[in-house]
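Each of the next two complexes has subunit A plus one other chain: subunit B in the first, subunit C in the second.
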Partner chain A sequence: MAVLLIFIPLFASILFLFIKGNMGKMIALTFSVINLIFSIYLLSSFDTQSDEAFQFAFNEPWVESLGISFCGGLDGISLLMVLLTNFLTPIIILSSWGKTPEYPAAFYGLILLMQAGLNGVFMATDGLLFYVFWEITLIPIWFICAYWGGENRIPVTIKFFIYTFAGSLFMLVGLIYLYLNTPIEITGNHNFSWEALQMAARSMDAAGQQIVFWLIFMAFAVKIPVFPFHTWQPETYTVSPAPGTMLLSGIMLKMGIYGVIRWLLPFSPDLVSSGYNLPIVLCIIGVVYGGWIAIKQTDMKKIAAYSSLSHVGLIAAGIFTLTIDGLQGAVIQMVNHGINIVGLFLAIELIERRTGTRDLSKLGGIASKAPKLSVLFMIIVLGSLAVPLTNGFVGEFLLLKSIYSINIYMAAIAGLTVIFCAVYMLRLYNLAIFGDVTSHTADMKDLNARETILMGIIALLVIILGVYPQPIFDISKQAIETFQTTLTLK
Partner chain B sequence: MADLVYLIPLLPFLGFVINGLVGKSLPKPVVALIACGSVLGSFILSILCFKQVIDEGAFTAVLYNWIAVGDTHIQIAFQIDQLSTMMMLIITGIGFLIHMYSDGYMHHDEGFHRFYAYLNLFIFSMLLLVMGSNYMLMFFGWEGVGLCSYLLIGFWYKNKEFGVAARKAFIMNRIGDLGLLLGIFIIFNTFGSIEYADVFKNAYAHGDSTNIICILLFVGAMGKSAQIPLYTWLPDAMAGPTPVSALIHAATMVTAGIYLVVRSNILFAMSPSASELMMYIGLATAMIAATIGLKQNDIKKVLAYSTVSQLGFMFVALGVGAYTTAMFHVLTHAFFKALLFLGSGSVIHGMGGEQDIRKMGGLSKALPITHITFLMGTLAIAGVPFFSGFFSKDEILAMTHGHSDVVFALLSITAIITAVYMFRLYFLVFRGNFRGTHHQKEHLHESPISMTLPLIVLAILSVIGGFLGMPAWMSDNHILNHFLHPIVTGEIHFHPTESFEFTVLGVSIVLLAIIIFAVRNYYITKSIVPESDEAETGMSKVLSHKYYIDELYNTLFVKPVEALSIFLHKVVDNQIIDGIVNGTAWAVKQKANLLRRLQDGKLEWYMIGMVAGVLLILVFNFFM
Partner chain C sequence: MKLLIGLSVLAVITMMMGLFKSRKFVLPVVVLGLLGLLYIASGYGCYCEDKMFGMYINEHQFLKMFDINKNSGLVGLIMISGLLITILAHKGFNYTENHRADMHALMLFSMCGAIIAVSYTNMLMLFLGIEIMSIPLYIMAGSNKHDASSNESGLKYFLLGAFATGFLLFGLALIYGATGSFNINQIYNYTHNQLNVSEGIFKMGVVFTMVGLLFKIGAAPFHFWTPDVYTGAPNIITSFMSTVVKIAGFGALIFFFNGMLHPLGEEWGKTFAIISAATMILGNVTAVYQISLKRMLAWSSVAHAGYLLMTVAANGNNVPKAVVLYLAAYSLGSIAAFAVLITTGKENFEDYNGLGKRNKWLAIALTISLLSLAGVPPLAGFMGKYYLFTTVYEQYPWLVIIAICTSAISIYYYLKCIIAAWFKKGSEDAVQVPLTTVFVILVCILGLIALGLMPQPVLDLA
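Moving on to the complex of A and B:
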């Protein structure tokens, strides 16, 4: 049943081959909202207490002779990711309405294709199927960024494509290596299913697990991105059109983090549970490094990009602690980071549309011209700043706490994000919103009704999920506790 | 009462929501009514809580579970005991007076509703801070008040410098907050809980980790309560409207650090080195800020440095284990410092926005109520006998005397300096001849009743507030000690001898008389006006430049951090890391040139390749 989450947008995107003109945005919105409603329906019938590994599971043979099947399902973690995807996609579609792109049919078709691919990534429970969806998502996003992007888009997006694609190939090799080690007693074949790959990993020695770890890690490290595999990211975020940036930062990078939980840790269980700290160190370097660079940037998109590098580094570091705090913190922070970073890029886009610039040295005085924008932007900034009672705090607290449980010095260094984030976020906000109006902002208009609702929804979520986050934890609780015990039990 | 407690923070929060969302379209009196009314409501409920605590003792009210993740359980719950009710009364009581005052002070400001919304949000956050039953809820309030402080310092957002001051305040606070957060992690780890009740109950079982916990908590307190090295944001925070300076940057928020230490007094009592550190930092802060206060010419800056210095006094008291004494000074300081700030606001209001005391003088005639009440505040802070500040400050001095003679001596000198800069301020503003412009002189006026009434109430409190804590030779009943007794189990008890008390009393009367006479003689009889900043030389130049601390921080921290940021971006990121990435791609491309020969479009090559492939697969299938 859950497989519809993939096929609704997939068929809708095929529909777009026959649509011309301006109808596209309405149709895209309709289908993405249908998908959202459907995923909320799945949420409502999801059993948080269930012992099943995956609910709403589907399983069709695909390439039987090679042990590949079209199978998937949802546990608490992937359900949250699917909800995030299907919540953000309509938001992203709506955000583009004020500035309809050229060839709208193609544009919106690609977004729906992206939605289908992302849902596939989060639901697949077959290694090869996961890989296929993983690569499928790369194609629409690359077209969106390369075709509708800004200046210098071709070299930047080609680099993005090759870099992430190269990373994925390492993962493919890693998966095949595992596959060849899967037991063949039962079916006479090797098998790509998640369970079989996990069994294969358990049968390997430390050296084998280390090889698997680094092969698969490469793909995720590039996608998340983890320092030092991040250099495609700031440029790509900057040149991409706003919907592309939002897709990339809001959802796509969660593929990488999700991948670490689902497709990396279980495949090197002994290695990661034996205090393997190198990945944590890399992630924490990224936290400080990204935050530090963001301090002096003048392009608002660059600040958001480097801040994202810093924030996701913390998420990934929390996961590698293998503690309940770290994993739950990571899961909730994936949701919240998705909401906040999309809100941030949305605010930046709305400012750029009105003023024609993202350069902080040319902005100022927006507070007096666009009070609604300023207030909603402030709430989103507070979420990013992780002020308590906003959504950003919950995850940051648990993640830092989990790192503390490994090592207090690492927690103190990662904790510098608390200070850096205040420096660069408030600098961005103050320079753009406060001060006197400039020639660019002099006749700026405030938000219209659609934009107010869009930003309002995000701002509301920032507060609701900060004041009462427990429902999110309840969804992923079972999955994470099972996961954590199987991983750390010897 | 327990089931109504949640209303105490909720009322101001609702005020914030209403004024924030629709305040712009409401008439000003309605906005003010909502804002003041909500705080008054909280004040009345706080009194009821206070009464219940006295009658039946402390109680806890649990609202809901914030998170339950693994072993991390955090609930939203309020602990209403002696300490929190005392803070609640200060916050809502003085908060209400300042809300009322703001109606007059901010009346012509276009951001009237926004101002009230922020003030209400502040009251909400500050109440969370003191009412929470665990360190997490306190941290919520802790960060919340920091945010409100940021919003209110930068309230007049068109001015870029104010925005910089606001950011500076927030960032410096965040440095402290990181320390506090780490402290909370250690508490969690050590005690398995962050509920005050669980932590304090088991404090003695975990004596070895209290030192690091207390040092980290104190780092948090340094940020919020403006102690060395994190104090430089507070004087800059005077960019905010004056009621904000009175409420946030004098009476309530900056005392959050003292609250934190007193709340955790059991832990601090077990960690002598953290206490020692606190005492020395407090002492150094008190002295440095007081000496800077001697040379400031902005009426609010003098009061700001005075606040930093008084907070230093409180930390000295905490450092020697005199927790109720510190709370006593929190209370009296809240009265007289709120009064002084509001008085200075009244002066600034009357002078048409002028803050430079060199351009004032002789204001006593035009602003009689402001003058009298300001004088009461000055007498209180200077420690003139039987005014409130006398009792609390003498108690601190007496406590340090029991601890160390050197600390006692240095702190006494600081108390004397306090009297000097306060009387200097008083005489320059209210006595002598008017030194402002003709235009200012014509427009001089006393403030409206909404502003003078809070001044009068605070003046009365500043005069009589000290009788809550009379020394032993005056009364057997130290009301405050008695009241706070249940929550300060870590208190060090020290009773100074009567002869010591009388000596201090006598000496301070003589010294104060000399100071008042000398300062009056210098600024009034000789009519000496402080020089302009450029003309300063030697030590007085160093003082008026605040020991060049801001410049020092700029060179030591701000500039290097910014330079490294650019270096990381331009060199490390763009050249080294990306260079390696591009280099790898280039190398692959070179190799690919070799491989490309395989794909030269000649069909026979492809055929050979295919056959070879099929053969290989067969070989693998059958022979491996």
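Moving on to the complex of A and C:
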């Protein structure tokens, strides 16, 4: 039944081939809201105490002679990701209403195709099916960024495509390597299912696990992105149209982190549990590096892009510590970062739409012109600053705690993220919102009703999840405990 | 056997129709004929051939020389590709209006040769098949008489092809000298017993044959003719060369090496691995620098030959399956791309600027076919590549790593064309697509999607 989450948007995106004109945005919103309602229904019938590895599971044979099946399901972590995807998609669609893109039918069709792919990624429990969905998401986002993007978009998006495509191919080889090590079944074939691949990984020696780890790591490292595979990211975020940036930063990047939890760590258990620190070091370099560069930027979108690099580095580092805290923090921070970064890019987009610029040196005095925007923006900024009682705090606290339990120096360096973040975020907010009114902001209008609702929803979530994050812990608890037993977390 | 006889008779009839100037009926007759033959081939036709012309097959030396049943997958692929290209020729042969019938006949003869080349059980038939396939091609490549590059293409192909044929024949003769037989079963036994394998004359023969066959499939270092010949030849002929001929070449190659010389895999596997790596790198890297879609497709066909050669090198049990699946994906993708090329009649990337505005569906078709060639899931090209990698990985992991690196390069030049079609501004005149071409493109695109989602039937065929 959960499979409908993939097929509703997929069907809708095919429908968009035949739709012309402005009808598109209503239809897109309708389908994405249907999907949201459906995923909330799944949430309500999700059993947080269940012993099953995956609930709402579906399993159909696909290519039997290759050991591939169309199977998937939801555990706590993937349910949260699916919820995030289906919550953010209508928000992203709505955010584009104010400035309807050229060829709206194609645009919204691609967003829905993307949604289908993302839901598939988070639900798949078959290695090749996961890979197929993983790649399916790349095509629509590339078209969105390359067609509706800004200046210099073509070389930038080609770089993005080749980077991620190459990374994914390494993952494919890694999965094939595991697949060839799975036991041969009665049908005479190997098996591509998640459980079988995990078994295969267990039977491998350290050298084999190391190969698998690095091959699969490539794909996720590019997507997350982890230093030094990040070079595509800031440019791509900057040239993409706002909805594209939100999809990339809000959801697509979570694919990488989710991938690490589901498809990387269980496939190299001995390696990672024996205190393998290199990935953590890479992630922490990204944390500091992203934060440092963000301080120097004047383009608001670039600041948000580098801040994302910095935040996500911390999430990934937390996961690689393999502690319960790190994992729990990562899961909660994945959700919160998705909400915050989309809010951030939304606010930037709204300011750019009104003033025609994202350059901090040309902005100022928005507080007096657009108080509603300023207040809601403030809440979102505080959220990404991880101020207590906002959603960013819980996750970041757990993540830093987990790194501390591994190595105190690393924790100290990673802790810089909090300071850096305060510097660049407050600088951004200060320069844009306060100060003298400039020629660009002189006749700026405040938010209209639709935009207020959009920003309001996000700001509300920032506060609610900050004050009461318990539901996220409840949903993901069982999944993380299962993970603990399989990986023997410390 | 009925298939071959039918095909030859159809070719002769087509030729006669040219004589009587009944131009309009040529295409329907050829298409109906091919459909009928496909029916025969798919149904019972191939499987009840104990008796023919009142003779039992195993009594007659000639009929024992090939066996169409043994690789129905490749034969079917040749027939389907040939059929699609024939339909495409409705527009594709516009440049030689007066010789339509002749060209169709030549194409049918060439298909006969291709079928023989993938179903030989006797090396004599391998040679004859390759020749029957090639000689009409030399004519077809040069068939646009008023175009200098077409003439160049025909001449170049003929001279180099004749040279390669020499190698092939010499190689076969040497193998005969060493083993005393043309029959592949006997040669298999000879190599299986490992008696006098180290004999220089046998090895020389294998190497010469290898050169001849590698030339036909355009693998490095014998690929130099490919770009010039492919670019010079009329579009429709290029599509024929890059699909049907390639299928036949690979069929011949895998039955020679992975079939007949299977026991000696250790000795020739490494050579193929190196040739395959060189072909992949060379084809992909050079394709990046092309500014013409047609030339880019020519180089990409070299690159694809490299991928396919990986399986030959791996020499496992799944080689025919992997090759058939990959060739099916490759052929459908190529034919769709060439169909777009033939429709617009333009070769440079610049001419494709703004194709999305001129004809949305054509641009979608081009995008899907190129993405499939690049190996993006869930299209057929991905399944082909995936199966290839699984087949090869155990023996040559480094070859797979080279393959994925070159795949990453290849996405660049395929994207370049897609970008031209969608993101660049160009002329805005709508493109008219004839109904026949629409049909071909539709079949190819649906095939690419269906094969990507359900590759099982093709795997069962092989």
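Please note the rule applied: the second predicted complex is superposed on the first by the 485 of 490 C-alpha atoms of A that agree within 3 Å, B and C clash if a C-alpha of one lies under 4 Å from a C-alpha of the other, contacts with A are read in each partner's own complex, and residues count from 1 in each chain.
Definition applied: a contact is a pair of C-beta atoms (placed from the backbone, for glycine too) under 8 Å apart; a residue touches a chain by one contact, two chains touch by 3 or more.
Everything numeric here is computed off the predicted structure, so don't read it as measured data.
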First, second, both or neither for A:Ile162, with subunit B first and subunit C second: both
Partner chain in contact with A:Glu352 - subunit B first, subunit C second, else both or neither: neither
Which superposed partner A:Tyr179 touches (first subunit B, second subunit C, both, neither): second
Which superposed partner A:Leu382 touches (first subunit B, second subunit C, both, neither): first
A:Asp446 touches, of subunit B and subunit C: first, second, both or neither? neither
Subunit A residues touched - subunit C or subunit B, whichever exceeds: B
Partner chain(s) touched by A:Val423 [first = subunit B, second = subunit C, both, neither]: first
First (subunit B), second (subunit C), both or neither touched by A:Ala367: first
Partner chain(s) touched by A:Asp270 [first = subunit B, second = subunit C, both, neither]: neither
Subunit C-contacting residues of subunit A that also contact subunit B: 162
Of all residues in subunit A, those that touch subunit C in their complex: 63-66, 128, 131-132, 135-136, 138-139, 143, 146-147, 154, 158, 161-162, 165-166, 169-170, 172-173, 176-177, 179-180
Residues of subunit C defined as touching subunit A within the complex: 371, 376-378, 382-383, 386-387, 389-390, 393-394, 397, 400-401, 404-405, 407-408, 411-412, 415, 419, 422-423, 454-456, 459-460
Of all residues in subunit A, those that touch subunit B in their complex: 159, 162-163, 228, 230-232, 234, 289, 292-297, 323-325, 328-329, 365, 367-368, 375, 382, 387-389, 393-394, 397-398, 400-401, 404-405, 408, 411-412, 415-416, 418-419, 422-423, 426-427, 430, 433-436, 468-470, 473, 477, 481
Subunit B to subunit A touching residues, read off their complex: 20, 64-72, 139-140, 143-144, 147, 150, 154, 157-160, 163-164, 166-167, 170-171, 174-175, 177-178, 181-182, 185-186, 188-189, 561-562, 564-566, 568-569, 573, 577-578, 581, 585
